[in-house]
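These are the structures in question, set out in turn.
One chain, chain A, appears in both complexes that follow, with chain B as partner in the first and chain C in the second.
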Partner chain A sequence: MALLGLSTLTHKQDVDAMIRDTLDKVLVLRFGRATDPVCMQLDETLGKSSRELSKFASIALVDVDAQEIQVYLHYFDITLIPATVFFFNSQHMKMDSGTPDHTKWIGAFHSKQDFIDVVETIYKGAMRGKLIVNCPLPADRVPKFELLYKDI
Partner chain B sequence: MGAKGFSFCAVCRRNHEQGRGHRYTAGHRNALQSVLGKIRMKIEGLRGFLGNPRDQAPSHRFWCLFCEEDVADNQGSSSIACSNAIHHLASAAHVSNVKRFWCENGADANTRHDFFFSRKEIADWEAVCGDGALADSSSVATTQGAMENNIHHERFLAAKSSQSPSVCVEPLQKISKDQTLQVNGATAHRHTVAAFGGNLATVTPRPLVSSKGNVHSGAPPPWLSDLPTHGSDDGCPKGISKRKRREMERLDKRVGAAWANRRKAQLERDAAPRREEAANDWLPSFGRVWQNGSRRDSRKEFEMEKKKLREETTNSTPPAVQPYVGKRKHLQMEAGGGKHD
Partner chain C sequence: MATLADSFLADLDDLSDNEAPGEEEAGEDDELGKEDVEMPDVEVNYDDLNTVAKLQNTPRYHDLMKKVDEAIESGVPATMAKLSEDDPEYQLIVECNTLSVDIDNEIGVIHNYIRDKYRLKFPELESLVQHPIDYARVVKRIGNEMDLTLVDLEGVLPSATIMVVSVTASTTNGKPLAEEVLQKTLDACDRALDLDESKKKVLNFVESRMAFIAPNLSAILGSAVAAKLMGTAGGLSALSKMPACNVQILGVKKKNSAGFSSATLNPHTGFIFHSEIVQGSPPSLRTRAARLVSGKSTLAARVDATMGDRLGQTGRAFREEIQKKIEKWQEPPPPKQPKPLPVPDSDPKKKRGGRRLRKMKERYAMTDMRKLANRMSFNIPEESSLGDGLGEGYGMLGQAGSGKLRISAGPSKLSTKVKKFKEKKYGSSGATSGLTSSLAFTPVQGIELSNPSAQAALLGSGTQSTYFSETGSFSKIKKIV
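Coming up: the complex of A and B.
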């Protein structure tokens, strides 16, 4: 949403360049739709906190309806939106928040401060060489969801 | 969250959370060597009695580390020397325990046969003993039965039967040097079939032509698949100061450090314009590149040379030397000359 100061990516090349060229900063990619209400809520949180996190985090939005983005939906196994994926120096960062899926954050954040705390935890863990970090938020502020897996 | 469980190493006699890697550590190897050395000495002593079953044997009660049980003395119940111990070391249970110990502790497989008696050796020993050896096997059974009545032995057997293989909770995934994901143990290749999330909308990704796996199975990430190849990929930018190098060493433990350094170098190379080839007579704009000393010295030297050059070009003949004439006298001379005329 240009209004919030965040760019929306619809091409794989742009997403690849964003991931590869964001160095020594946490990259936050929101996979969702601009028209979805929960996505809109999350986008507002991301937009409001982007300036405060600009020193160590970059935020971008990715449209899940674009054809070129489907490869990312397959790779990250995204079935619920909004899904927020974190990267650091082209490495995918995971976060254990007590949910079935550690590879992304699903849903919106309760408040702007919650999102800032999560990004800060990821940045601190990444600077120490950790690929998976513990979520600093209490369980009642983590959106609940259920996933049914199929082994291939 | 994924912390490795603690397990006890009987050789080192300490708890550790190194998992299967503990067997390769230097401390464990040293402890294993010393422990096996001691056991080997005892077994070699018993092996001597294989050929001489009628000799008087000293007390040969010992703790079998592999079976984790006490091998009792004959206690004068048999005339065959060390029959109890020899039967134990030849038993199938002991052999299988030795094999298990070797697997668990990573000892040298070539030395395993030193720690039990083979069937051939026992057959030869029994032939030498004659009927005496077979008669003594019952005494072995009774001693073992006596051992089983021991409450500690019962507890130990109960613990052994209920012991599950050491649970080692490995971290979810590891990143290797080429930045591909590897999942420990069996490959967890799975994908989500259905998802429920309250007020969250679901998304069904459009089917791809070739699905190469996903983040759960450790497939290579799509943002690194179309990487353009660059010319020379030096890991670290050259020509950096010592302070910066120290700072970089501190930052080297961050996630993706090698990638970040490489990418920064590539971006700098792409951003810097190509330098034009310098002409043969090019000289830097500031003077005196090749001389020692400070710029003040080189400036003084330059001014002296310039002055000398100026003098050489302007004054080819020296000026005529004349005596000093005062101003008043000069004026009188001019006036006197005019008056005379």
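Coming up: the complex of A and C.
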């Protein structure tokens, strides 16, 4: 994780501070475990694109196993790992990607470019004042977890 | 060709015979040793070498050579630091510089003399061997020999040149020289070689004292190169007055022998280019290094000329600076960081305008036909393609009043206008028969449609002759099958 250049947050205050203090930039929070393989794939995508998106997005990893973070898991209803939540100026941004859950993104991205497209769309929508945007990815690029697990 | 050259030389001989006595008188008065070179460009065939090359006979020359010999024997002076302008040693060195320039000039003159004499024997040699001293050596070796296989030129010339010389000698149209002419030529060669030796001695002496004369300059370049530079420039003050670009070029050899390519020769490779500090840098950086070194050495020479820094510290500082800069040039460029993407929608799209865009848009614009079809007039039902209101409606297209179903697509405002030819209209009255041809070839306008009845009218009036008429054409126009 240190190699990726992304900070991992374990305390609630850190997460709060992060959400509060990221101004005019999309905040990408990844909730997951570093040991999980899908999570590792997602982390690599996030790490590789962090510099390219640095002008309009900041990325952070949140460790789901920490004690203080459980509050967030309740709040965002996170059951499947990894889950990515987007914020803009402390506003929670939703994205309709064809899955039942619009509040977060489940799973990894197929490619770095997909992730960049998603973040750009969220940014554009947020700058126009929208709170929910449509996912620019075609359906086959969106990992379909929900259908199997049916929102435990 | 040879006979022509001979006749020219004979003419010149006449000239020189008249002038030679006048020369002798002037020569004796002149003590400075500088021969007044009257016509350096014209080959004047002086019979006596002494009228041409006076330097070696002057007292100045002998004095200086003696002093140099003494100074070389006495070795390095005890007082290392201060070599002021009043010091006789310094004066000697300054004189040596001017002397070396004079020797060069003298060698040039003697070379001309030898060349003129030897031209009868082997004219092509001067174009094959340009350097005066090499030429003198070759002439000495060959002498009056016609067959060059008996002559050994090893050590005098590079092997390629020896080969070319031997080949040219076998087909030369020169003749052996007379005995006295040969003797004079060989004397002149000896003189040239002597002068060369003394020049070398002088330069060696200057080089050994270089650290005291110009400490800063020799700190950068080394004593040998510094001495050569000073020698070629003609003294330290002369060197300091040169701009750095000229200093860079000092000592460049302009030898383009016939038949050898000059594409591989480097431009601007003088003494500085071949100095140690420049040759020590990688080949791709050498030209740059030479420029840098010549700039700094010019500054050092100026410091030395004004006796600014006798210890040579400025020179050493320059040397350090030069080395550091060369190191820096060799550093790899910094690694490229990937550029972050620009913020989306931060720069509004640059909308283009102009004629080209408008023309492009025209292809997709709403046509007049469509416009009419889209409109309807009040209380008039429109026609449609399938009739009875089915299919596409035609709107105002083809309405009863207009009478036009088709609307011609007029030329767009942006289309280029085609120039029309000016068509001359020729009408024919109905009276001509259908078999007459109206084509006429005229020299003025090519093919033209003419009114044959008009022509007939002209020809009808028999008073004026139409033979010389400019407007008239053939008198009889008949179709040839």
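Please note the rule applied: the second predicted complex is superposed on the first by the 146 of 152 C-alpha atoms of A that agree within 3 Å, B and C clash if a C-alpha of one lies under 4 Å from a C-alpha of the other, contacts with A are read in each partner's own complex, and residues count from 1 in each chain.
Keep this in mind: a contact is a pair of C-beta atoms (placed from the backbone, for glycine too) under 8 Å apart; a residue touches a chain by one contact, two chains touch by 3 or more.
In this text, all values refer to a predicted model and were calculated from it rather than measured experimentally.
Per the definitions stated earlier, placing chain B and chain C onto a shared chain A by superposition produces no clash, and the two fit side by side.
The superposed model places chain B and chain C at 100 degrees from each other around the C-alpha centre of chain A, with the value given to the nearest 10. Once chain A of one complex is fitted onto chain A of the other, the partner contacts of A:89 are limited to chain B, with no touch recorded for chain C. By the touch criterion stated above, A:71 is placed in contact with chain B alone, chain C being left untouched.
In the superposed model, A:140 lies in contact with neither chain B nor chain C. Touched residues of chain A were counted for both chain B and chain C, and B has more of them. Of the two partner chains placed by superposition, only chain B is touched by A:131; chain C is not.
Legend: residue contacts after superposition of the two complexes on their common chain; A:80 is shown touching chain B, with no touch to chain C. Fitting both structures onto chain A leaves chain B and chain C with a minimum C-alpha separation of 11 Å. Applying the stated touch rule to the two superposed structures, the overlap between the chain B and chain C interfaces on chain A comprises residues 127.
The touching residues of chain A, counted against chain C in their complex, run 51-56, 116, 120, 123-124, 127. Residue ranges of chain B in contact with chain A, taken from their complex: 1-2, 171-175, 179, 181, 188-206, 208, 211, 214-217, 219, 221-224, 226-227, 251, 253-257, 259-260, 263-264, 267. Interface residues of chain A facing chain B in the complex, by the touch rule stated above, are 12-13, 15-16, 19-21, 23-24, 33, 36-39, 64, 67, 70-82, 88-94, 96, 102-103, 106-107, 125-132, 134, 143-152.
Those residues of chain C whose C-beta lies close enough to touch chain A in the complex are 337-345.
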